[in-house]
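Structures for review follow.
Shared between the two complexes below is chain A, which has chain B as its partner in the first and chain C in the second.
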Partner chain A sequence: MTDPADSVLIEGQKEKVRQGLSRRLRAERRFRAYGVVAIVLAILMLLFLAGTIAANGYSAFYQTWIKVDVFLDEELIAPDGKTDPQTLREEGDFRGALIESLVASYRVRGREKENRLIAMFSTDAERTLQRHAIANPRLVGKNISIWVKASSDIDQLTKGAIRRDLPESGRKVKDVQLVWYDRMAAENRIETRFNTGFFSTGDSREPEQAGIWGAIVGSFLTMLVTLILAFPVGLAAAVYLEEFAPKNRLTDLIEVNINNLAAVPSIVFGLLGLAVFLNFFELPRSAPLVGGMVLALMTLPTIIIAARASLLAVPPSVREAALGLGASRVQVVSHHVLPLAMPGILTGTIIGMARALGETAPLLMIGMVAFIVDIPGGPTDASTVMPVQIYLWADSPERGFVEKTSGAVIVLLAFLVVMNASAVYLRKKFERRW
Partner chain B sequence: MKKTITLATVGALALAGAAGQAAARDQVRIVGSSTVYPFATVVAERFGKSSKFKTPVVEATGSGGGLKLFCAGLGVKTPDITNASRRIKKSEYERCTKNGIKVAEFKIGYDGIVVANSKKKKRIELSRRDIFLALAKLVPEGHKDGARLVPNPNRTWKDVNPALPNVAIRVLGPPPTSGTRDAFNELAMEGGCKTFESLKAMKKVDKRRYKGVCRGIREDGAWVEAGENDNLIVQKLEADPNALGVFGFSFLDQNGDKVQGSIVDGVPPTFENISAQKYPVSRSLFFYVKKNHVGQIPGIQEYVRAFMNRKAIGKRGYLIGKGLIPLPRAEMRDFISAGKSLPDLTM
Partner chain C sequence: MNEKSVEHVVTAPPPEAAEADPAGADRNPVKMRTRGVNVHYAEKHALRDVSLDIGEREVTALIGPSGCGKSTFLRCLNRMNDTIDICRVTGRLELDGQDIYADSVDVVQLRASIGMVFQKPNPFPKSIFDNVAYGPRVHGLVADRADLEQLVEQSLRKAGLFDEVKDRFGDPGTSLSGGQQQRLCIARAIAVGPEVILMDEPCSSLDPIATARIEELIDELRQNYTIVIVTHSMQQAARVSQKTAFFHLGDLIEQGETPQIFTNPRDEKTQGYITGRFG
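Moving on, here comes the complex of A and B:
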């Protein structure tokens, strides 16, 4: 250590290290900064997406109602003098009664103006009147005040999506309708309410009457079929492959294939469904049964992979201890390994189901992308699912569907968040560390 | 755990069993054109709400896809009605007849295809010849009749026609799978193409080449395929005021505050002009009924009557508010009475 040359060398090395150190520290700070930037960017994009959807979609959850005074004219509604529900339902001209009363109270003359006035109300208005009269037959022949749905254009005007300051030619709500609207507003005849219909009815071509309930039921039935098929099959396949199957070329091949299947584009499963379930087995088109079967095929690899990973995570000591105490291999699996692996398996299943819930492409091929008004009553009734409903509304010309599209996206996202959150909860609650 | 698995298996079998029972169908099934879809769905919804029948299921498969399913055969697995934004082709009709299908044809009205731009700029006046020269893959050199065909050199609208503004050609339109695109190619592009005598003459000599030249759209970026969603095209026009867009009349009707329809051959795309068949880029809309299914599937005949009804397709009908353009008087009368008798289509 006394050799001067040696100490010079060490001095040089120290210098080198010092320089190198600050360079390495700078590199580390840069690297961290990249990470922070990436996360900030990702959060900003997510916020932008969620913000746009929320800003466009929140207005779908409320809608405009108008109070009208209607004379339930016996001549139009109950021409034979009978006010039993059947006559009112089949014979009653409630649209006529509504038009007559409106024309009288707003003193309108001329066909075109009459049409403009009636166009301010939803076609649902006459059915509201009808229901009211059927429930209260003694009101026939009397004047009533009743709240009815406004048409989509008036609804959009209330929400500010149709602007008043545009020239009349480019505006869906005409000047004369604006005058009536202002008069109604001044008389407190206009109010906005929570849109219960959105959560209780099926699809409609009138934006103010369109609801997502039909699609929610369709999604539920489809997911039910998917779960019933994919979960037991996936579980059995995973348990056999992980616990019982011999390790040989064949099982290796199966494993590779399952991993590949998980990456197959979903439309391929739709084509398979069309060829096998519809054309060969002749199952009904547009049915949640077939949709569920197709999505089950798509979800199977996800479930198998997740289940195998969870089974693998159960330590061998558990199996060996059980075997050592004389349990059979089936007992080892069903009494010890499977219960311990279940949280992981369930998490994988829920995540697979969440993916299936958001899928449209395979359903296109089997006819679930369709206009369906009736709420499906079972897995063989025609139905659509939520993402398909969003797609169909996004494609509709009527302006009112813009907010409905985003509203439906919010509902779908809410379902996905709940599903994913329950997966996280299950994992946290039952997770065991070894 | 064993119990759960057994239960699940039983459930799956029960579901499969339920499928077998659903052989008879009590709901009319409609497929076909996405252009007729907005009208057919409105009729179906009203029909379902006002009659004792279930609401028919309407699927948008495209005109060609619909006729393929429709002509595939008889029975509950096949659709009862197909919508089309063009007339049934002879080959399709023959396939139908070969499979024992009796077809009734109904024309419901017209649809205009508009070329539109953002209201932030001036309305544009085009001829079909301008449209062809701006968008064709091959054009006659120097726009001279009879000159040899060269790859389209026009960069701006001013290159096409000195009266047009000096902005780059950029047209957003539907992809080739769309019926709107077929109709645009046939009516607007080919219409403009035929104004060149030399190209028109080619039709008799080499029909395939004629179609290739007259309906071929350039692929150098001036024509942008904007997807099947017409709402998207409207939004993109708002963002890019120099671009033009091609879409159906009902979208112009609904978005009159954002976009304006260009004048084509001196005629603006208005309701009246399309109805009077003055506007050159318009087509007829149809639907076809499988007569063999009438009486087998409840509600077909009644649905047809609800559709072929003045309340729906008449001048003051509810479909008019949805952007349908009504048939001329005499034609409408004929088709409305056909709705009651369902005459056989012969070709």
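Moving on, here comes the complex of A and C:
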């Protein structure tokens, strides 16, 4: 069996394999190194992005409060001597009382200086006083000590965003205000607290009073409308196309166009919404209803494509087994195919919804970019959504909105992470390959 | 996947008694009769002019090399080919003298009478109980839970699986071994109360012991059901069947009593296949 020619061939073959082996191993190591480098780069970029946002945005979650001693002067806040809530709410001049007390405490003379002093406090301060007086009417005519919100400039000073070493003309907080600030700080009247208002109020012209809750509610209502429209329609379309539609030119054409639709730039859907929903059907402007309809159009192809892929992945043996038992085709789909495809369909839907949640451009076209202070109460109320709120704040000149912008980005990213995590969780939970 | 896309061409009904029986003298009355069945997949002519009689309460084995059309023929018998868009079936197929491709026949009804067991065990991803209960539930065969439980137990007993699973009806059907899964599929088919059971290479993914168990079961089931089995194993065909039909390249070459086919085939292709010269 050992032919000399054969053994020579094997000898040469072994040598060649050995030479090739080290080359192949090198190539393999090189490829692995490329992969590691790519991943490290991606992680670095992600960390940089997250780090920048966190560094800019974390200060949005707390804010400066100042303790003031206020004399609740009856003549100003209860001029007719009545301390019932309605009088206090409608007639009381709490701003006047605050100014009076501050002027007295800091011995300020002159209109300009008075204005500088009161400008250290948020306009929310007088409302805080008012709420306190309404809750405790017996305090009227007495001296009280109360914590009120500082103005945005003072807040920025506390957070170190305003530099004291600049010449006075170059900074928002003037020398005289710095003196008062330092005195307050020395008397332990300055405090930073968690910014609950950021999560409970709507937009405002004043950075220290601006909150994201209005945008969160707007986003929620918009997503609700999107989900209610896009999920059933997308699911029904996918099931029909995958399980029932005959394979012919028409269905091929529909399939191609669904794929095309998924690639259409989102602003085009916005223009469509403007032309059709607003101008033709005359639906309300700036409303989550219309925003949801536009985003539903945008999300629909994503859901259809994801759902069809999931349906296609259900093994044909399950369909055959059910058909062989005499189940009708609707029964095959509803009893067997859909339950098996559901995890994939849900994942696709959530990812489509997450994309819609971050969408800005189409909503600009239908007027959801308006300045809206109120928290929307329903899908037809004017409102804004989180990404548009970020866009609006990023556009504002005040220093205080810079941190608000990053803070809102953090909130938006948190929502997206939660949605994507729930997609993963749902897939793992329902993915039963028994 | 449109059921309507299957074309049905009614050929002249076969003259009843006058025609000579191609299978020779039958011991059992004919349960299913096919005449001139042709199947096309788009351009491909998969089955040519197949005329075969399937006797009641006996096992008919369909043998032949891969791609010979035996599975295609089997799937014509309960109209499973309806689900394939490009598949076109012509000719006449009867169950108890009734044309099963007639417009008046509902496939759901038909498949309730003609059960099917597939090549790969395909229990639903549900519990053992629900697997067997699915058919009766879909067809509304039982009035209450007690009847359903009784039917499930009976079906599992007939499939020889009851003793092995009686303590774990709630376990997933897919947790069983391959052979048990296949018997579960048989129990599932029986639970609907069919008259005919079609088996498409039911043992091809099983080990020899599980195969022997299924073969025993087929022999028992023959008392009550008409069985058509596609198999690649000639030994299996010889062991379990009473009639054998040999297919080759879309043609039905030869059919007859199983002992006759295996000991004294009339056609030389059959001879070649059963002696292992090709296949």
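We take it that the second predicted complex is superposed on the first by the 407 of 434 C-alpha atoms of A that agree within 3 Å, B and C clash if a C-alpha of one lies under 4 Å from a C-alpha of the other, contacts with A are read in each partner's own complex, and residues count from 1 in each chain.
Here is the rule we go by: a residue touches a chain if its C-beta (ideal position, glycine included) is under 8 Å from a C-beta of that chain, and two chains touch if they have at least 3 such contacts.
If you're wondering where the values come from, they're calculated on a predicted model, not measured in any experiment.
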| item | value |
| --- | --- |
| First (chain B), second (chain C), both or neither touched by A:378 | first |
| Which superposed partner A:320 touches (first chain B, second chain C, both, neither) | second |
| Touched partner set for A:247, first chain B, second chain C, both or neither | second |
| First (chain B), second (chain C), both or neither touched by A:110 | neither |
| Chain A residues touched - chain C or chain B, whichever exceeds | B |
| Touching partner for A:160 - first (chain B), second (chain C), both, neither | neither |
| Footprint overlap on chain A, where chain B in one structure and chain C in the other make contact | none |
| Partner chain A, residues of chain C touching it in the complex | 1-3, 5, 78, 80, 83, 85, 107-112, 115-116, 118, 120, 122-126, 134-135, 138-139, 172-175, 185, 188-189, 192 |
| Contacting residues of chain B [partner chain A, same complex] | 1-2, 4-5, 8-9, 11-12, 15, 18-19, 21-22, 25, 27, 29, 34, 37-38, 40-42, 44-46, 48-49, 54-55, 57-60, 77, 119, 228-231, 248, 250-251, 253-258, 316, 321-323 |
| Interfacial residue positions of chain A with respect to chain B in the complex | 115, 119, 123, 127, 162-163, 166, 169-172, 204-206, 225, 228-229, 231-232, 235-236, 278, 282-287, 289, 334, 338-339, 367, 369-374, 378-380, 382, 394-399, 402 |
| Contact footprint of chain C on chain A as seen in their complex | 243-244, 246-247, 315, 317-329, 331, 335-336, 340, 432-434 |
